[in-house]
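Sharing a structure, written as structure tokens. Questions coming.
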Amino acid sequence: MANSKYEYVRLFEQPDQLLPNTWIVVRIDGRGFTKLCAKYGFEKPNDKRAIDLMNAAAKAVMTDLPDIILAYGVSDEYSFVFHKTCQLFERRASKLVSTVVSTFTAFYVHLWPTFFTGGLVDDVPLIAPLLPTFDGRAVCYPSVQNLRDYLNWRQVDCHINNLYNTTFWALVQKGGLDSVEATELLKVRRSGLGTPHHYQQLTMFEQGTFSADKNEILFSRFQINYNNEPEMYKKGSVVFRDYELVNPVNSTAAQAAEAADSVTEPPTLSKSRAENDKKRRAKARITIEHIDIIKDDFWDRRPWLLTGQPGTLPKQL
Amino acid sequence: MANSKYEYVRLFEQPDQLLPNTWIVVRIDGRGFTKLCAKYGFEKPNDKRAIDLMNAAAKAVMTDLPDIILAYGVSDEYSFVFHKTCQLFERRASKLVSTVVSTFTAFYVHLWPTFFTGGLVDDVPLIAPLLPTFDGRAVCYPSVQNLRDYLNWRQVDCHINNLYNTTFWALVQKGGLDSVEATELLKVRRSGLGTPHHYQQLTMFEQGTFSADKNEILFSRFQINYNNEPEMYKKGSVVFRDYELVNPVNSTAAQAAEAADSVTEPPTLSKSRAENDKKRRAKARITIEHIDIIKDDFWDRRPWLLTGQPGTLPKQL
Amino acid sequence: MANSKYEYVRLFEQPDQLLPNTWIVVRIDGRGFTKLCAKYGFEKPNDKRAIDLMNAAAKAVMTDLPDIILAYGVSDEYSFVFHKTCQLFERRASKLVSTVVSTFTAFYVHLWPTFFTGGLVDDVPLIAPLLPTFDGRAVCYPSVQNLRDYLNWRQVDCHINNLYNTTFWALVQKGGLDSVEATELLKVRRSGLGTPHHYQQLTMFEQGTFSADKNEILFSRFQINYNNEPEMYKKGSVVFRDYELVNPVNSTAAQAAEAADSVTEPPTLSKSRAENDKKRRAKARITIEHIDIIKDDFWDRRPWLLTGQPGTLPKQL
Amino acid sequence: MANSKYEYVRLFEQPDQLLPNTWIVVRIDGRGFTKLCAKYGFEKPNDKRAIDLMNAAAKAVMTDLPDIILAYGVSDEYSFVFHKTCQLFERRASKLVSTVVSTFTAFYVHLWPTFFTGGLVDDVPLIAPLLPTFDGRAVCYPSVQNLRDYLNWRQVDCHINNLYNTTFWALVQKGGLDSVEATELLKVRRSGLGTPHHYQQLTMFEQGTFSADKNEILFSRFQINYNNEPEMYKKGSVVFRDYELVNPVNSTAAQAAEAADSVTEPPTLSKSRAENDKKRRAKARITIEHIDIIKDDFWDRRPWLLTGQPGTLPKQL
């Protein structure tokens, strides 16, 4: 009785279920990482410890939430893809977003010492109140093509930013330019759109047309062949469950996409199977690779990503 | 150019701005805390370290986000109230929720050792993968009355749960009953609604009508006078900025509510003032108290909570 | 059985309930009325038949939906205000909007001959396929002040547009200018924001600062005193239930607003009373007036509009 | 200036754009048609005039809004399907729903005399205030399969209801039962789910398992072979643009669906083509047929419905 007179306030909670049968992407972004990078002395243009930590946190999120089929990370952002048949938390946006963000943050903070202390040079412990935090949002993509275009967008963005940053920091660290001069030099060569959220001016968004210029600067001034830069920085990080690769002759991304798009099963009925698949997915090893996900090959050889049906576990040696 | 052919995917991001001129409450809840409590040996019915840690994390969130006017916590949940004129993140629900959840989680994990190690008995370090995480949601309340009823709902819930849990654990820890017997004994005395998210069976929701029974059990069997239990457990924790209390004769909650409800200023115009107030709020000390927020007195004496205009800073000694 | 395998498609219907305890305004606008006005020979700047027809349709909507407390119309648009406690159609936006739009359209088409035929000069029958249609949307306003500001916005817009149109058409119809010349003449005197939806260029949105110029043009060139123009064109049309006016000494808009804003009753509990009030409202006469609703006086004397509690029925003569 | 101080109220208008790249169905339903049928003497179980009027109104809506690719009507409801690439009104839900509902209502009222007067027996003019009105809602379906399942759901519903109604009214009109007796007789044979919106008790929702019973009642008691009933009543009405049928050997629904689902073009870029297609669609004749749309054949022979690309106009004789 006592509580009932106030309980009407629950009526103000508005539903936020995401449209069924659509791919859900939860993307998280570091909050104020420019300041954080400066405070904790992240290396430029890329800090391996920081990226390894991002990847470790992402892997922990995927282990905790087997409904995630793939994650893609670059810089201080990570995108988590839930299969379109996913029913986790009844597909409530705020539940999905907050759970991913909280789990990612918990592991990022918890694992920080693993990556940022015990190094040859310096320990870099986290000191409050400047702690790493993330924000997030959920977006629905109705078709496989839309989903892949989203991931393509992020991977192209990774390339553009990394080429720019690599060149910028070579000019500053090895070329003796200050950051204003380096920015100025590169400005004439790019079309100048800025991304809203990224490490400082380093990660200015930039159109690929002018890639040639940067490759040339890197090579002629600093004898850096961009192609030889680490794949982790050039391609970003792809996290997924590892099953036996499939011969692409017998499986094409188009087929998997088609199969995925034409799933007729009503979402509600698939609950028990989803539960079962979830368990089978839990057994697979989660791997982190730095490879091209724009070309079909990645998807052709890993049909389980889009079908949502667990693949064949690799044989034990 | 390169990126533009994929960039159309941004069109799938749907806006989620919360209705202007409404009070925003972001409530976060511990995920799977039953398991977490067991694993880390939380004391029953209340673990002071855990609640102090919740409060420290909440205080850090309020320091980080000066738009929050008040927070109320109980058990593994915390509600953060943003003033209705708040324009933070353009009032985007996912930004607000994810930022609060991430910041809370970061501090909870980071501060864990402060509260759970170095004790007289045992150190209890966090061990992955079972880390504390939280989910969250945002709800809008149009009027001061609705907002206060929301907070009343939480504080009444705190009382009901704590009385139940105190009795339950007295029966188990001191009365020699096992948990089934204790549940059975208390079941006949309550109407049996369960809350979805709480510590184990301890925090079963329970109707106040039967409070008398529990008070009696506590007193007659265990000589415990519930009134003497710590306020922190009975009332929960209220976090807010501390200014000089106002003489309630000159300020009533009704007036403040009225003032708050009749704010005519368009949200967009108030941006600069909001910015200014934000800075002034940053100077105030954030306090944590365990007091009644249902009665008018709490609000009458702290008109700044509802007007959103910073109060008078206490004189320095 | 047969149907169940398809019935899962109902899961795709997403809820669209409007936030409780907020004033709901459903505004409808004529679609393509420029073309419609031309085709059916509407008089400029105002066609009395057309406005009377709008008003008749609005009155029919209010009779059909007693939850509407007030409607305000100007040109080819009408705003219908539902009380913030309204539970009609569980506050589902699409139900509310589509019902208002459909009812308005049905009466507009059905009553057309009443207003557009049988005149002294010509019958103007509706001829398919160019029929009058309307679109609509629902907006929530949390406070009385927001609601009144919305209505103020529409009534100020009415004034600005009507002054402009009256001047424009005087220049064209009596001053011998063509429409380009008249537009040009008035352009230098206004700041040039256009409203998206209105009768032709006549209803260009225009800032009040330059009202003086137009008043002067009207008076000096055409001996028209704008103040003497019909109230229906200058003020628009206000539709509401008519009870005995209240002495403003004993009732102020501020009080009514406060009373309205501090209604504590949970929406769910008020259902039976709402049902009862609905019946009582059905007995009141619906009146159409062309008066100022910006000043407090209108609201002070009609407290029932904001309290939502039916007033005193006028005594029968 | 004058208006700007109120114009902030526009900020309360919340966006309601529907997710891109999904099929939009706007379904409208008659409001209170039980009462309307009684008042205007609709024939039972089906009134040909009423259904012809529904179809005429639907055809007018499709002519007015070329973005609609197909409409399906039964009883007092009609579903309008917008292609998933549709950008009409920026896909705003309230604009789409209100425009469809208003246009449908305008034609329904305007065309009423064409169908309900001038008959052999009686003129049935519309008399206010009981006018026909409709409500509506928009639902998104991500895949072709989801869309077709939606339409299947409606056509199966049509069959179930019509068989029930035909039997019910035969029992009443020819069998001498009253409506209670007829309901009782049929009740034991059906599983009893009711649809929320339909003509009286006649259109009770009913599971297909028991179709045999009704067929038998109709045949044994009244010598009615249900198969010989008019297709319009058994199948409902399908409205679409008529192009040359395609040989199903060369075009399968699966292919069209696949083509439709894998459209990669970003919605924004397709605007000019959409504009062009719109014009071409405007030239096609709109036809109304009463055929099976559950089987693939309907879709195989009319690939333009799903591809959204206008077919070949039939040769002129």
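Chains here go by letter, A, B, C and D, matching the order in which they are written, and residues are numbered from 1 within each.
Going forward, a residue touches a chain if its C-beta (ideal position, glycine included) is under 8 Å from a C-beta of that chain, and two chains touch if they have at least 3 such contacts.
Each chain and its UniProt protein: A, B, C, D = tRNA(His) guanylyltransferase.
Please read all numbers here as calculations on a predicted model, not as lab measurements.
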Remark   = Outermost chain relative to chain A (tRNA(His) guanylyltransferase), judged by CA means, is C
Query = Would you say A-D or B-D is joined by more C-beta pairs in contact?
reply = A-D
Centre-of-Cα separation between chain D (tRNA(His) guanylyltransferase) and chain A (tRNA(His) guanylyltransferase), whole angstrom = 44
Request  = Could you please state the distance in Å, as a whole number, between where the Cα atoms of chain B (tRNA(His) guanylyltransferase) are centred and where those of chain D (tRNA(His) guanylyltransferase) are centred?
outcome  = 50
Key: Numbers and ranges of chain C (tRNA(His) guanylyltransferase) residues touching at least 2 other chains   = 8-9, 12, 14, 19-21, 140-141, 146, 149
In the complex, chain A (tRNA(His) guanylyltransferase) residues that touch chain C (tRNA(His) guanylyltransferase) = 5, 8-9, 11-12, 14-15, 17, 19-21, 266-269
Ask   = Can you list the chain C (tRNA(His) guanylyltransferase) residues touching chain D (tRNA(His) guanylyltransferase) in their complex?
value = 1-3, 6-9, 12-14, 16, 28, 31, 60, 63-64, 92-95, 97-99, 101-111, 126, 128-129, 131-141, 146, 149-150, 152-153, 156-157, 160, 205, 207-209, 211
Key: Residue numbers on chain B (tRNA(His) guanylyltransferase) that touch chain C (tRNA(His) guanylyltransferase), as the complex places them   = 19-22, 84, 140-146, 149, 254, 257-258, 261-264
